[in-house]
Structures are given as C-alpha cells and as structure tokens.
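Structures for review follow.
First subunit A sits with subunit B, and in the next complex the same chain sits with subunit C.
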Partner chain A sequence: MAAEYYRLNKDKVGELFERARADYDVVAKTRDANGNLVYGRPATFDDVAFVDEQPPMSAKAFALPQTETLVRYEREDEKIRAEGPEAEARDVLLFGVNICDAAAFDIIDHVFKWDYLDDPYLGRRADATLFALACAAVQQDCFCDRISYAEDGVDTVAYPLEGYYLVKVQTEKGRKLVERYHDLFDAEDGDAEAAINTFREKAGTAKKEPLLESARAGLEKAFEHADWEILASTCIGCGICTYTCPTCHCFDIQDEGSAIAGRRLRTWDHCTGRTFTAMPAHQPRDRQYKRYRQRLLHKFWYYPERFGPLLCTGCGRCITYCPVKINIKELVEYFGGLKDTPPGGARHGK
Partner chain B sequence: MATIREELQAAVKKLFDDDKIDYFVGYAEDYGHTFPAILTKDSDPSRLTFDRKSYDNLANFLPELRGSRVGLICKQCEVRTLNVLAAEEQVERDKLVVVGVPCPAMLDPRKLTEGAADLDSLDESYWQEKCRRCLERNTPLADVFVGERVSTPTPAEGWPLLEEVEKMSAEERLAWWRRQMSLCIRCYACRLACPLCYCHQCFVEDNKPQWIDKSVAPENNLHYHIIRAVHLAGRCIECQECSRVCPVGIPVDVLNNVLSRDFAERFGYVSGETAETQPALTRYERDDKEDFIL
Partner chain C sequence: MPVPATLERVVVETTAADLKSFYLKFKDGPRWDYLPGQFAELSLYGYGESPIGIASSPTEGEELTFTVFNTEGKVTRALHRLAPGAAVGLRGPLGNTWPLEELRGKNVTVIGGGFAFTTQRSLIKYVLANRKDFADLTVVYGARSPGALLYKPELAEWEKSPELTLHLTVDKGDETWTGREGFVPTVVEEEKLPPDDAIALICGPPIMIKFTLPVMDKLGWKPEQIYTSLEMRMKCGVGMCGRCNIGPKYVCVDGPVFSFAELSKLPQEY
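The block that comes next holds the complex of A and B.
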C-alpha cells in the first residue's frame, strides 16, 4: 500500500497504549528488576519507557522465544498422548519498538518460510503489529546509517517531531491500528517525507556511503585472510552477540523429561559456541576465530547471497555487549576492503 | 618523559625483537573502547594501551595459548589468576613474561555516562568494586615493569552487595535470587570470561548424562550458577569479570563472594595471594577448623 501519514499528539501516546491493551497483547519497553530496559508487558503507561534507547535484548523473542515447547508427551500404559504447542490467544502489538528491531523481522522471515514453513514462528509473526519509534539520536555503537535495509515492512513508524509524532503507516496492519483509534490521530497535510528526511539527517540515521553492502565483493575474497586469526581470536565464544542480535536466529532442539512424560523444545543456539552442531555431527570450526568469521560472513555474505538482504540492521548490540568489544562493522570494513586499517591497528604481516 | 603507553609499546617491541615471546596479550584502543588484543611479532604495537578501561582479565587467554611463549600485561587480577593457574598446572611460568603496570583502579562501565570527561580523574565512586579491595596496585611478579609505581590504598573491608543480600530474610533473599535468575539468558559469558573456568568440557554441555536442562527458566539458570560457584570455591580471585560481562546485569560474583569470605574467615585463605599459595581444597593443615563437619 502507499504510505499514509498522521499526527499523534505527544500527550495522546498514553491513551493509545491504554486503549490498545483492550485489543492487543501489548509489548513495550519497561524496566526489569535490575533497572535494565527490556521489552515486557507493563500494566500501565506509567511503567512504559516510550524512549528510543535500546534495551540490551532485541525484540526477536516475540517471534522466536528463547525457549519454546514444540511438543509435550505423556505415556499411560501403552498409550502415548502428544500435544503441540498451545496457540497464543491474542495479537501482539510491539509498542515503541526500535526500527532496527522492527525491520529485523522482515529479514529473518526469509529463512523461516524458505524450504520449510516454520509455523510457530510464522504464526506469531503474522499476528504481530509493529509500532516503531524512530531514534532521535544514534546510540553508542550502532551503525544503521551504513546498511540499506528495507523498512517498509514495519507497520507504523512514529517520528518524534517538535510537539507531535509524525506517524508513517506502511502496511494494512498499520492502517488497521490507526483506524481502530482514529480519534487519536490527525491528518498530516505537510510534506511528511521531507520532514522525515530532515529528522533523520539531524538524528544521524540517514544513510551514508559506503554502505556495508558494498563490502561483499571484498569479503568473498577474504575467507583465507591471515588477519582473521589475530583479530578474531580474542572472541571468548559466549553467545552475547547472537542472543542480543535482532537477526541471529539459530536454534537447537532439545528433549527434557523422561520416557514417561516430557517435552521437546527449541532454544536459541549460536555458531560462535564451541559445541554448536556438536550433537548431530561435530563442530566443524576448530578454532574460535573461525567461529567468529562464520558469524560475520553469514551476515554479510552467505545470507544476502541466498536471500538478498544483509542479516544485520546495524543495531550495534554485538559491539556494546561484547565482553571483548570486537567490532563487526570495523571488521566488515577491513576484510571487505572498505578501509585499510584493522580495528586496534593490530595488523598481521604489515 | 615517556608515557606509560609509549613505554609499554617499546617494551613489547623489545620482547619481540629479542625473541623472548611468540605472542603478546595486551589492550588496544579504538572506536571509543579499550579491548584485549593478541599480537604476534608481525603486528603493529602502536595502538597498545593501558588505561582505566582495560577491564578484561587477560589471563583468560592463556590456556588457549598454552605451549607458546607469551607476554602479557598483568594487573593484580591477572597476577592472582596466574598464581592459581600455575598451582593447578595450567600455565608454565617460565614461558610467561609478566609485564607489570601501575594499576590506576578500573572504572565500572555501568557507572560511566556518555562522554565522561577525564577518565583519569574519576574518584572512588566510579571504581569497580574489586579495586577497593586491591592488595597491591603494582604488579608483583613483574619481569618487566612499565610506568611509575603508585601507592596502594588500604584495602577496603567487607562485601557491600553480599552484605545487603544477607540482610534480607530468607524469603526476600530467595525472591531476589529468583528475580535475578529470571533475567539470565544463559549465554554463559560469565563462564567464558572467567579465567578459572577453563574446563574443556563444562557440565552444562554434557548430555549423557544431561546434568542440567537446556531450557531457560529461573530454576535451571540458578542450578547453573550455583554449580559454577561451587566449582570455583577456593579458586575465585574476585576479578568480577563474570558480573562485568553479564549483558543483563546479574551480580553473578555475589555467589562467589560467599565462598571467598568463608575461606578467608575459616582458613585465613586468599586464593592466588602468592605464587606459593596452593589451592585451598587440595591442602590440609592440622589446625583447620572442622566445626561444620564434626
């Protein structure tokens, strides 16, 4: 559909949240026990953090939970009873989600509807409406300005302008949301796209050359580059980069329980770990730097080769939360031939 | 006068030129962060640095480089780690070159706000908790020392967060731990950032038998953290890397602190205190208290 533009007064956001709770399972940013920002289910608008700051964990768990039951089984005498996962009852509204989190769903949809239709994921995805809040300033390590991912699958985006939110509606789901609460929205008469462009220039989120897509040709020649070992061997192999990532989607299937009763579940898994794929076969990457290289090349070469978009929205969490501060953007630029100096200057074989 | 940075870079260059080491493990600085860097003789040492954001416990990289001659920057945290690793026969001291530094106390990244002006001048309120308890700011054991020696303030007594947790009633405390454990995402960064968690096969990865369920749930998460803490009993040197790296801010080290304090109070034992310190659980003294067994 052609985009539509509305105005939402800043003092109407609370009312929108409260009324949406009657129709949707509303997920919004709130604070957890340690004061971290998280996507959760705050009960009132007072507990909502309607801010552009990124929570440590992305929003992907609402389509791909970290732990998900696929089937439960129970044996009674000779009979085995098995039940699939319970269907979730209500439509989810992701309220105030960051654009980098919201746009990630379109990117990973490709893999979940590729050769096998992943019903649990696709079901939750189809039921989710995205109400994104645009960032007024870039965050610590993010680089969305360097990746040209599509945002037109994000149902609505609210741009915080002077005195009001300019709401851009991009999909039918977004239009349904606005129609439901139409009395809260006013028509936008001005040149909305010009206002959005100005806003993004000021926020620092307008796209800048060279985009990381252009590193691909260089990366395709860099698999055997001698510097991987020196630059990626500080990786400790934890899963923080992948677990906080809005686009990393690898999972493991596990059984819990006994022969009498139990469940089969899937949990997140990650290619940077020592035991990744060790259960069905073996971990083919025998050194840590090779595991890190796999993650980078999967995002910036293999995935776009197969599906088109980069497997990255530039949120920067994998840099911010990396215990050893490995910088994926810098490494893509270096191995992709966009810059000559490696991060930290620790160049091998100068 | 040469800065510590220049002295460090010159010292590292000399170690490679004199063919004393195969690898150097230090810190580099770039894109607003200080992070660990592993160098070989062909590497450019010009971004090596040592500052108040040199957080990582570099001894964590030693088991991986075992067999090679390695130089590394050692703060007090690394020194105590080395002592434990050497006592457990995980490193060969004669293959290590310890580069000593005057440690200015590391800053707590959670207390640093965007654009904090002069990192060197930040006072105790910005320090990491461990730095208030530091026994010696100038690397003991140093083979090479760079920079000007500093004085070590009297180590602070007590374990503030642990004491706060202990003031809670049993119910409150359980609820507090449940809340913390509900945040855990089981990335195992606490284990992987721990220089003393070096097992090739960790119990969490076994599946025959499977000691621990893989699903992320508070009781499974707590199970993991408690077993890890017990595996570190009398070994943990309180570098607090487990808590620093936690992406959701769980104060993991509180569990280890309980055990460290018990070892200190019952046996006057500080893990990795000197190169001669033997692991607590492998030694026996006739006057060890046995009041909790007999």
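The block that comes next holds the complex of A and C.
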C-alpha cells in the first residue's frame, strides 16, 4: 500500500497505549527490577519507557523465542504420543520498538519461508503489529545510517517532531491500528517525507555512502584473506553478538527429558561456538577466526545473495557488548574493500 | 514433526559392529517417494535427531534402509541399542538427489570408500532396477579391511553379475581375503576409469577424495562430470537453522549432492 501519514499529539500516546491494551497483547520497553531496559509487558503507561534508547536485547524473541517447544512426547512401550504445542492466537502490538529491531523481522522472514514454512514463527509474525519509534539521536555504536534496509515492512513508524509524532503507516496492519483509534490521530497535510528527511538529518540517521551493501563484491573475494586470522582470532566465541542481534536466527534442536517423556525444543544457537559445526570426525570451521568469518559473511554476503537484504540492521549491539571489542562494521569495510587500513591499524602491525 | 516408523530388522554390517543397517517401515500410511542421494532425520525422542543418508532404493519396496555408524553420539548410540519392533521417527525425505537426469543414458561410475557408500548403494540398486536407462555401470569400492565392507552378500552378487563391473579393494586384507589390496585412488588409476560419456559419483573420507581427484584429472575427467555428497552438521534439515552452509548454499536443501564444478565456486569450507 502507499504510505499514509498522520499526526499523533504527544499527550495522546499514553491513551493510545492504554486503549490498545484492550485489543492487543502490548509489548513495550520498560525497566526491569534491576533498572535495565527490556521489552516487556508494562501494566500502565507510567511504566512504559517510550524513548529511543536501545535495550540490550532486541525484540526478536517475540517472533523467535529464545526457547520454544516443538513437540511434547510420551512413550509407553513402543507407543509414542507426540503433540505440537497449540498455536496461541493473540494480536501482539510492539509499541515503541526501535526501528532497527522492527525492521529485522522483515529481513529474517525470508529464511522461515523459503524452503519450509515455519508455522510457529510465521504465525507469531502474522499476529504482530509493529509500532516503531524513530531515534532522535544515534545510539552508542549503531550504524543504521550505513545500511539501506527497507523500513517498508515496519507497519508504522512514529517520528518525534516538535509537539507531535508524525506517524507513517506502511502496511494494512498499521492502517488497522490507526483506524481502531482514529480519534487519536489527525491527518497530516504537510510534506511528510520532507519532514522525515529533515528529522533524519538532524538525528544523524540519514543514509551515508558508502553503504555497507557495496562491500559485498569485495567480501566475495576476501574469503581467503590472510588477515581474518589476525583480526578475528580475538573472538572468544561467547555468542553475545548473536544473542543480542535482532537478525541472528540460527537455532539448535534438543530433547529435554528422557526417552519416556519430555519435549523437543528449539533454542537460539550461535555460529561462533566451537560445537556449532563439529561432527564426530570432521570440523569445517576448526579455528575461531573461521567461525567469526562465517558470522560476518553470512550477514553481508551469503544472506543477501540468497534473499536480498543484508542480515543486519546496524543496531550496533554486537559492537557494544563484544567483550573483546570486535567491530563488525570496520571489518566489513576492510574486508569488503571500502577501507584500505584494517581496524586498529598500527596495533596489528599494518 | 517426525512420522512414526517401526524398526523391522537390524543387520550388523561390519565385524567391528560399529555399522548397522536399520530397516524401517512406516507405521501409518505408505512409504515416502524419494530418490537416491536423499537423506532423512532419524528421530529418537529423548535423544534427538540425526541426519542419515537413505541406503535403500525406491525400487526396493516398502522398507527404508539406513546404515548408521555408531559415532558414540547420543542418537547413534541409542539407535545401535534398538531391537526390532522399536519405534523410530522419520523426517524427510530431505535434500537433493544424485544427478539422475544427467546420468540417464550415460556411463555411471561410482567411487566409494568406507561407510560413505550408503547412498551410493541406493543409486546402484536404482540403476540396476532401471538398467536400460543407463549405459555401463562401474563401481570402485574400498574399505580399510574385509570386515569393514558394507553389504557383503550384495557385493558377492555384484561381483558375479554381468550388469555391472565391480572393483573391490581393501587397504589391508586378512587370511580370508583373496581380492585386491590397495587404496581407492590407486585402483582408479590402475583401471584407468574412462571419462568418456560418463558421470562419476565419489563419496568417502576426505583423504580418499583428495587423492582420487588428481588421478581423475589426469585421466581426463572434468569437474562438472564428478559429483559428491557432502556431510555437514545439521539440525533442521530444511534450510533454517544455519549450520550446514557452504557460502550461500545450504547443504541440507541445495545439497547434499554437488558437482566439483559447483563446489569450486564456493568458499573452500567443507
């Protein structure tokens, strides 16, 4: 659908949240008991952090839970009873989600439907409406200005302008949301796209060349580059980059329980771990730098070759939380030929 | 979700008993349609799933055969303890097939080593059952010792059969072995396996493939004439879980069968 634009007065946001709670299972940013920012289910708008600050964990768990049951089983002699979990039908509204988290769903949708339709994921996805809040300032390590990912799949984006939110509606689900609470929204008759562009320039989130998409040609020639070993060997394989990442979707399948009763579950996994590809007699990624290389190339070469978009929204969490300070953006620029000097240059004797 | 099957019988294939063939029959409904080269996830609740090549041929009847090496991992160890009558789950058939269209009308050359021979057996049975669709069938099969050869009764039949030429070899024979001794690459070289109008399917330990390919190159084989089946760690088998890839290819869906011409275009990571 063609985008539509509305105004939402800043003092109406609380009412929108409260009324939406009657119709949706509303997820929003809130502070947990330790004061950490998380995506949660605040009971009142007073507990909602309607801010652009990025929580350490992305919002992906609402479509791809950290752990979910695939099958519950029970065995009596050689009779096995196995049942999948019942689909939960509920309309989720992700209220005030960061754009980098919201846009990730559209990117990873591809992998859950290209060969096999993953009903649990796709069901949760179909039931979720995204009401994103645009950042008024760049966050610590983010680089969404360097990635041209489409925001088109984000149902609605609210841009905080002077006195009101400019709400851009991009999908039918977004339109349904606005129609439901139409008395809270006013028509926007100004040049909305110009206002958005001005907002982005000011926020520092306007796109800047060279975009990281342009690194791919270089990356396709860089698999055997000798510097992977130097620059990626510091990776300790902890996996924090993948767990906090809104687009990392690789998973493991494990049985929990006994042969008599238990469940088969799907759980997040990470390519930087040693066991990810280890087989009894063979290990294709037998060194840590090869495992890190897989993560980077999956995001900036393999996935876009296969499905189109980069497997990255530039949220920067993997840089912020990396205990050994590996910077994926700088490595993409270097191995992709956008920069001649490796990150940390002199430190690595270059 | 895996579909239920019943273990009909178990055949111990090797003297070390580390390889057994499991003959499975679907509990509800007919057998899958599948083709040689495909694999399935064998599921044992409480232990997990393991991706295993299908060793039977769709021309063989209602049973599905899987020859499984006991890696002492959770699933294969549990499988090796099963007795007939046991319930086993199956998810599949998964992956692509040996290049049957390309093979039609051509000379078929099978080069196998060790226990990677399983889906090649499926292909051999398929060719024998559709004999007129293919030209010459030549099989080189090697194992470490006579006791490590799979499908021994069948090998004995094939040795006598006019339908195919079988070159059996073992690294080291024993007192009962009257056949050939030597490595697979050497046999390929000595027999001068001809590339003319032929497609080769090679499967075996990496070291065997590494030394066989240069021999084939010398004999005039082109990378696009040689296919292999890759083994990678897998979980989902349906192109999602993200661990079996070689570059942009998912081995579970785009493979496991690739030609060396295809592999040469991918990152060398397998």
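One rule holds for everything that comes next: the second predicted complex is superposed on the first by the 333 of 350 C-alpha atoms of A that agree within 3 Å, B and C clash if a C-alpha of one lies under 4 Å from a C-alpha of the other, contacts with A are read in each partner's own complex, and residues count from 1 in each chain.
FYI, contacts are C-beta pairs under 8 Å (C-beta built on N, C-alpha and C of every residue); 3 or more make two chains touch, one makes a residue touch a chain.
Bear in mind that the values here come from a model prediction, so they are computed numbers and not experimental data.
Colleague: Touch check for A:251: first (subunit B), second (subunit C), both, or neither?
Modeller: Touch status of A:251: second partner only.
Colleague: Could you look at A:282 and tell me whether it touches subunit B, subunit C, both or neither (first, second, both, neither)?
Modeller: second
Colleague: Going by the contact rule set out at the top, does A:271 touch subunit B (first), subunit C (second), both, or neither?
Modeller: second
Colleague: For A:344, is the partner it touches subunit B (first), subunit C (second), both, or none of the two (neither)?
Modeller: Only subunit B; A:344 stays clear of subunit C.
Colleague: Touching A:118 in the superposition: subunit B (first), subunit C (second), both, neither?
Modeller: In the superposed model, A:118 contacts subunit C only, not subunit B.
Colleague: Does the superposition put A:290 against subunit B (first), subunit C (second), both, or neither?
Modeller: second
Colleague: Give one of first, second, both or neither to describe whether A:75 is in contact with subunit B, with subunit C, with both, or with none.
Modeller: After superposition on chain A, A:75 lies in contact with subunit C alone.
Colleague: Between subunit B and subunit C, which residues of subunit A are contacted by each of them?
Modeller: 252, 254, 278-279
Colleague: Subunit A touches which residues of subunit B in the complex?
Modeller: Touch list, subunit B to subunit A: 28-31, 33-40, 42-44, 46-47, 56, 60-61, 64, 114, 179-180, 182-183, 185, 187-189, 191-193, 205, 207, 213-217, 241, 244-245, 247-250.
Colleague: List the residues on subunit C that touch subunit A in their complex, please.
Modeller: So the residues of subunit C touching subunit A come out as 1-2, 4, 6, 44-49, 71-73, 78, 85-87, 89, 206, 231-233, 235-236, 238-248, 250, 253, 267-270.
Colleague: Show me the residue ranges of subunit A that touch subunit C in the complex, using the header's touch definition.
Modeller: Going through subunit A, the ones touching subunit C are 70-71, 73, 75, 78-80, 82, 84, 111-112, 114-116, 118, 223-224, 249-255, 257-260, 262, 264, 269, 271, 276-282, 284-285, 290, 294, 297-298, 301-303, 305-306.
Colleague: Residues of subunit A touching subunit B in their complex?
Modeller: Within the complex, subunit A touches subunit B at residues 32-36, 56-57, 66-67, 140-141, 230, 233-234, 236-240, 243-244, 252, 254, 256, 265, 267, 274-275, 278-279, 288, 319, 321, 323-327, 330, 343-350.
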